[in-house]
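A, B, C, D, E and F label the chains in the order they appear, each numbered from 1.
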Amino acid sequence: MKIAAFGEVMLRLTPPEFLLLEQTHSLRLDYTGTGVNIMGNLAHFGLDSYLVTTLPDNRIGDAAKANLRQLGIHDTFIQQNHQHMGTYFAEMGYGMRPTQVTYQNRHSSSFGQSDETGYDFSQLLETVDMVHICGISLSLTDETRRAAQALAKQAHQQGVKVCFDFNFRPSLNTEENKLQLMKEQYQQILPCCDLVFGSLRDLTDLLGLTVKEALPKEEQEKELIQRFMRMFELEWFAGTKRKQVGAVKELTGILYTQNQVVESMPKTITILDRIGTGDAYAAGLLLGYCEAWPLSETVEFATVNAAVSHTIQGDVPLTTREQIQQIMNDPTIDLIR
Amino acid sequence: MKIAAFGEVMLRLTPPEFLLLEQTHSLRLDYTGTGVNIMGNLAHFGLDSYLVTTLPDNRIGDAAKANLRQLGIHDTFIQQNHQHMGTYFAEMGYGMRPTQVTYQNRHSSSFGQSDETGYDFSQLLETVDMVHICGISLSLTDETRRAAQALAKQAHQQGVKVCFDFNFRPSLNTEENKLQLMKEQYQQILPCCDLVFGSLRDLTDLLGLTVKEALPKEEQEKELIQRFMRMFELEWFAGTKRKQVGAVKELTGILYTQNQVVESMPKTITILDRIGTGDAYAAGLLLGYCEAWPLSETVEFATVNAAVSHTIQGDVPLTTREQIQQIMNDPTIDLIR
Amino acid sequence: MKIAAFGEVMLRLTPPEFLLLEQTHSLRLDYTGTGVNIMGNLAHFGLDSYLVTTLPDNRIGDAAKANLRQLGIHDTFIQQNHQHMGTYFAEMGYGMRPTQVTYQNRHSSSFGQSDETGYDFSQLLETVDMVHICGISLSLTDETRRAAQALAKQAHQQGVKVCFDFNFRPSLNTEENKLQLMKEQYQQILPCCDLVFGSLRDLTDLLGLTVKEALPKEEQEKELIQRFMRMFELEWFAGTKRKQVGAVKELTGILYTQNQVVESMPKTITILDRIGTGDAYAAGLLLGYCEAWPLSETVEFATVNAAVSHTIQGDVPLTTREQIQQIMNDPTIDLIR
Amino acid sequence: MKIAAFGEVMLRLTPPEFLLLEQTHSLRLDYTGTGVNIMGNLAHFGLDSYLVTTLPDNRIGDAAKANLRQLGIHDTFIQQNHQHMGTYFAEMGYGMRPTQVTYQNRHSSSFGQSDETGYDFSQLLETVDMVHICGISLSLTDETRRAAQALAKQAHQQGVKVCFDFNFRPSLNTEENKLQLMKEQYQQILPCCDLVFGSLRDLTDLLGLTVKEALPKEEQEKELIQRFMRMFELEWFAGTKRKQVGAVKELTGILYTQNQVVESMPKTITILDRIGTGDAYAAGLLLGYCEAWPLSETVEFATVNAAVSHTIQGDVPLTTREQIQQIMNDPTIDLIR
Amino acid sequence: MKIAAFGEVMLRLTPPEFLLLEQTHSLRLDYTGTGVNIMGNLAHFGLDSYLVTTLPDNRIGDAAKANLRQLGIHDTFIQQNHQHMGTYFAEMGYGMRPTQVTYQNRHSSSFGQSDETGYDFSQLLETVDMVHICGISLSLTDETRRAAQALAKQAHQQGVKVCFDFNFRPSLNTEENKLQLMKEQYQQILPCCDLVFGSLRDLTDLLGLTVKEALPKEEQEKELIQRFMRMFELEWFAGTKRKQVGAVKELTGILYTQNQVVESMPKTITILDRIGTGDAYAAGLLLGYCEAWPLSETVEFATVNAAVSHTIQGDVPLTTREQIQQIMNDPTIDLIR
Amino acid sequence: MKIAAFGEVMLRLTPPEFLLLEQTHSLRLDYTGTGVNIMGNLAHFGLDSYLVTTLPDNRIGDAAKANLRQLGIHDTFIQQNHQHMGTYFAEMGYGMRPTQVTYQNRHSSSFGQSDETGYDFSQLLETVDMVHICGISLSLTDETRRAAQALAKQAHQQGVKVCFDFNFRPSLNTEENKLQLMKEQYQQILPCCDLVFGSLRDLTDLLGLTVKEALPKEEQEKELIQRFMRMFELEWFAGTKRKQVGAVKELTGILYTQNQVVESMPKTITILDRIGTGDAYAAGLLLGYCEAWPLSETVEFATVNAAVSHTIQGDVPLTTREQIQQIMNDPTIDLIR
């Protein structure tokens, strides 16, 4: 199965050794983004993966493209135009000190300035079996909104599966009336989707759905999510839950079909790099979907994949199938020769 | 409120990535010291902070001064003279391996060779509302002893608050008869002080005070400390306690007034860099003092500040008000975008 | 004499050890810009220097501000607003391979989005004796154009000297009709100026002046420049010339008054970092101007300062007075203890 | 007491900051191997230690030799010949992600190509009181097998103690019939040995011994090991046990004599670098043996030494006697000044 | 035009900042080899380029493959087998101190152990229009000799152009009778070749051809080379000449057809990294060949490309067409914005 | 022949990549000193070399000792006492910008505080055939003066050759009456010396000798030096001369016997690291002396050695015999495989 993601590539600039920005003149440079993370991980799992994006038509764009190829992502559907990449700084947290992300301007990025007219979606949809679209494209600019909606619609019409990630960030949507625009955008894209990543809060706060308070507490979430799934004829709805007991952090993966809920065993996590771990969960699920694994095996694999991705520097989960299965088999091994 | 600290600036040389000195040709260079740490932190909290010190009159002194400005500390009262900065090496600990500090010669430093005649204390005391003096000045050289005593006395006379940190280190006072000299020095400075940082052991071992054994065990410490406070008419006496349960380390902050004892909730700590965490507690308390916060809020803030400072590289606690309050509000958040 | 510069602060991201962007995940981070460079150098010469700019109101803006203070620049007139800093990548050249600069979006930077209404020019002009304005502000956005023109006009009215740097870059002015707009902007600001940095080509290509072909070849440039100076009642007009003989590169500094031309001895240059060397020449001249040195001494100092700045990493010329004078006295010394 | 180890020196190449091989162009270079690790640790404990090995006769061999001297190991018995050093890559694990070791070719290394004819064992055995031989020499090549057997035999004949480490790795012995060859090799060397490091599994899987099922479960291991010890007239047989409870890892050291079993208290371990920790246990035991400490003190020291070695970068346990004793006295101290 | 190279990928390990091996624990890791260098450069020129090689079937092989993709090389014909990559250390020279290369074992590398049976030459030769074969394959092992000869023969038969690089290194051929074997190998492959890179010395010392002493001195080389070209029906024979006058080094490119000699202008070179510069010359020539440029333009471009490649870290010439043409147009430009 | 040097070991702290102190938080750490440099180089030439010094009795002293062993220097006569090492910062020059050395306090170093009573000179002088004493010991402290004089005297009495390096630095001798003290110290030690490194200026400015003006200009230096040599019965007096023509720097070595003057060919030098190059000249000469080479060969070798040492990072000339001879044979080679 071949899969493509439509989304932005960003520069991530990270001070080394948990230093703060004001403490260093040295930064680690990575090329990231939800699409990069998921496609990079799927490529490491052995799938043919593509990124559909616009990079700057200059040396930093060239370098970004080279790095995507290095991750194993095909560069066939990457165009280069304009001069700007979105950037963010990541001051890595430690213990009780959270990781602090500072975004630079994203609206004027090459990706943000590119609408559907530049991309060859027809060619793309002849090549792949699934496209992944990140909700951030709906928040970013008119151009990216148009491009994302066009791609979702065209894919859905041609029978190419659409996987959509809510990825709704209030911080990207603080302008007046933006929330209403976002609601409309999400309502427009959802009928084209097959698989959706999100949370209960996305459904209530963004889409305005409400839980049935009459139901027993423990069934409310399930009922609402499956109601939502039926509303848009979704195959899968998935997400993770985080819990902290003392200093111990736990991660649990959940997957809904219209009539099932599958939940992983909770995994204790140790954090080296917190960013991109949700994308690792998505990549794990998509692998199971593409290869039609049993649901519980899929969720378990995806959750371990997400847990392990906390221990890898950078956004991109560079895990392999063998590595995750080995950890699932014996999670106490700490040295492999 | 404006505040100044009188104290030494030292070079800290740290091997990267938890390496030992013998394992590396690469060192991280920082400019530290109790005064630097507290003033740097208060500057990050938004206070006007000054350092009163002597740096070498050469390129390393220039670089040190530039770095103090970078921390937000005003360089108005920094003089440059002589050619030497005190230096220490910090081999960073990990897990059960403690951080190992190795000091180089401090007596012949520019600060150590400078007495009260070079500083313009009058101008200083017209500028600031409080001065912080670190007890290490009393241990170091005759010159620094004279300078510290003169500053404390003059400040007290002019109604500028004096905050004093015992910071008594046996390792700096191993010469014969040094202990007696130290006792006299501390007894001389204390009548000029308003706020004091220290521990029970400072009062018993250095000053020779004794607990009233007749009292119930749990009241002995309180009685002794408040007796000591009345003796020298102190407003505040403060310190922290550390406890280890299994591999879990906890930190608790305590603050005494002459008739109250306020204690923080214990905080679980994760250690990236152990050095300077006491100074973070002091800076937190001083912020509350300067802004007349309720005592319990002050101690809680200061203790979280100290706990977070364990997770920041270097001695200087580069925390902000917003960051500490955010962690106090939700200590489980591990990613902020 | 106190001096301020109005201009943008940019992030400079440089791969280490002459590597190309595609070869590295490590970047050196510096905070630069014409104003930063000149003010930083003047602060190293002992002058009180200020930067008038807008930095992002976030952690990277905070870090930038801290770094400006470290350079010795007063941060009194720096405001923080919006969320973006202009960025450029510098792939350092070596031998025949030129340094390659790649700019990211500058229009949407915090500086680019800020017009005159946010700055307190009145307070500023009461504080300083001279303001430096970089022509890039005229190219950037409507907001920066308005701010620069307002500052120049107000300074001129209050008798504060205005130093203006043409710094006209065709690459920043490629839009249609932009050249005409630029010409008008330059013509509007020049009557407020006292000292101007530029080249013959700026006068001919941008302002449309023409040389008198009737004159002997060697007098044409001088006549045109001094005609231009009389037109706008300028005190000084200055620039540098570069010449390459075989692999040997030479730099010569030139300074015009309305009736004199002073030229330095040509200096052989070795390049470690080519960027910011024009600003070093400007800083040297301004030092001589502020301290009323003889013209020939001023030009000689400024040219050596520019030559030495080629051997210092980063844009900012971190030279000192003593260092430049020592090299002027004995340029063959290669080790100072 | 003087001690020598016979064994290979390998290049260890480690990406910095827990990065994966594909994420970095930067590697840390170390010179390691069981013999290096144990001799380096013993030298740090103050013993005269020697390595008997063959390094390449080129610049990397020279660099390796220099680094062994730096560790405190005498280079008297190191010869240089051929052109190749064995190499391995260590991708450092974090949390649940195990450290991943990738070996390059070891058979064609200078050590692997050298048999007993090049070494001056006679001179060696006049110099030292004990030789340590690592079982990997028996797995590697015909040349190293011959050299190891010759050394063990000659040492035993001359009354020099022989310490042997099973270090049997199935991954080095995957060829057909290799297991039988290995069994013969081990059976040939064991009669020459006095101290042996190994595990129950070595005795059952490699040597084919079987537990007496009739015995109570908890006595089976002890009986088998002491039976084995009597079989080969061994003084000591020693090893460690690892246990994981939740995320907490524990290490326990065990030492058998022919009629005693001594076990340490279990130590909680935190892992910075997992490799070489078994060698730290061996070095601790050998120190106790050489200085005839009580058995329980020896095992306790060795186990703490092994636990601390998990917190030191690189294979070589660079611990000192004072450091280990200090941690044994107060394991909660996290800062030493 | 599509082009493939058959050859080894090696690990290059380089100390940073011109340090020697014994001075550092830090190494830069690159993936190089004649084929990598030429294909990487051609990919940067915009050609579809492939590498035909065998990488280890482990994590270092995976990382190597990822890095080849990053360079723009297609990985379609790369197989993974065995466990070893050839390695070399490069201690970078400076001024009069030459760069020192130390090779590790190459014979047992995955490439060295792979003969023609593993590769799919048929598929390859249907895909590309030219194959490049490096003479080192003839020196290395029986397996690589067989593979190289088979590929050359099959390509020649199918009308795919064969480009061959003598690359004869005495240091790889020191065994007895090796020279005779080499002569036979070269004689066997040459009839299949169209383009050859080499030097006069290759023809005389390896193949045993002799100059016609009767000819004028200045015609002897030309006559011999063109005689050799006729002997094997070659289209092109090419190489470079180096000359040093004082401290100034010059490079000149030369290209022979059967009836022409084209020579570039001599280029002054500055050395940052000396390795791989011959491959840059080859890549430049091949670009001209593939696009049928005039000969003199081809040689000039190739020579500038080689000269610039001396200023780029690493073996791989990461030059672009635009960059080389820009330097050809104005070699004095040292800053491009 | 075995040789020892008596002298101080210093910490050298160097910013990377030609950065200035104020630009970096990263420093390279090296252990240097005249004795270290010469002994380290001689060890690389294959001589048995020893250092006689006092290092701090702490972890930085341990690390220093380990590094000396790494250089190949025997640590037999190194004692550890007190707590301080002298330190200097080296801001590396580039082109016309000179290297700037900033010394920290040296008087209170472990070496500076140690007199002759701690060293075992008798044992030392039984071991070695020559001792090298650096004049800095005469400038430093009373303790080092006494130690140096005692060693020189005792060596001379026992027939062990004494090699003395004037190394007179006005910057270390600025106190009042210090020059007179120095003159006496030098006059006291010279009768014990056999080989002396120095310059004409040392003889005139420090010792107060005067040239015979009556002689032809070109013979004055020779006459004075040989007169001085006869005065103290010296075998050799040697030094180097530096000349700069345009940007080209040249180095020439000179060696006097009582009746001969031998001068090397001038060598063009390229500077990577200027420090320690005089010591490289000394080491080259001493090698020739120890092995009784012809004088002209000795001077030529030593001068090339000094020239090459300019291209090696750090003070210690890590050259080998083979390397220098190869460069002498063909100075144009820039790549060795």
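Please note the rule applied: a contact is a pair of C-beta atoms (placed from the backbone, for glycine too) under 8 Å apart; a residue touches a chain by one contact, two chains touch by 3 or more.
Just so we're clear, the structure is a prediction, and the values are computed from it rather than from any experiment.
Trainee: Tell me, which chains sit next to both chain B and chain D?
Mentor: Touching chain B as well as chain D, we find A, C, E, F.
Trainee: Can you name the chain that lies farthest from chain B, using the mean of each chain's Cα atoms as its centre?
Mentor: So the chain farthest away from chain B turns out to be E.
Trainee: Going by more than half of the contact pairs matching by residue number, which of B-D, B-E or A-E reproduces the interface of D-F?
Mentor: That would be A-E, since it shares over half of the contact pairs of D-F.
Trainee: Taking each chain's centre as the mean of its C-alpha atoms, which one ends up farthest from the centre of chain D?
Mentor: It is C.
Trainee: B-F versus A-E: which has more C-beta pairs touching?
Mentor: If we tally the C-beta pairs in contact for A-E and B-F, the bigger total goes to B-F.
Trainee: Chain E-chain F contact: same residues or different, taking over half shared as same?
Mentor: Chain E vs chain F: different; shared/all numbers falls short of half.
Trainee: Distance-wise, how many Å sit between the C-alpha centres of chain C and chain D, to the nearest whole number?
Mentor: So the centre of chain C lies 63 Å away from the centre of chain D.
Trainee: So the centre of each chain is just the mean of its C-alpha atoms; given that, what is the distance between chain C and chain E in Å?
Mentor: Averaging C-alpha atoms per chain gives centres 45 Å apart.
Trainee: Where in chain C do residues touch at least two different other chains?
Mentor: Within chain C, the residues that touch at least two other chains are 17, 20, 22-26, 66-67, 70, 100, 103, 271.
Trainee: Indicate which of the five shapes (line, ring, star, complete, other) describes how the chains touch one another.
Mentor: Shape = complete; every chain linked to every other.
Trainee: Using the touch definition up top, name the residues of chain C that touch chain B in the complex.
Mentor: Those in contact with chain B are residues 66-67, 69-72.
Trainee: How about chain E: which of its residues touch chain F in the complex?
Mentor: Touching chain F: residues 17-20, 22-23, 93-101, 103, 169, 171, 244, 246-247, 249, 271, 274-275 of chain E.
Trainee: Over in the complex, which chain D residues touch chain B? Could you list them?
Mentor: Chain D residues touching chain B: 16-17, 70, 248, 267-272, 307-308, 310-314, 318, 323, 326-327, 331-337.
Trainee: Hey, which residues of chain C end up touching chain A in the complex?
Mentor: 13, 20-22, 24-30, 58-60, 62-63, 66-67, 83-85, 87, 89, 91, 100, 102-105, 107-109
Trainee: In the complex formed with chain A, which residues of chain F make contact?
Mentor: For chain F paired with chain A, touching residues are 23-26.
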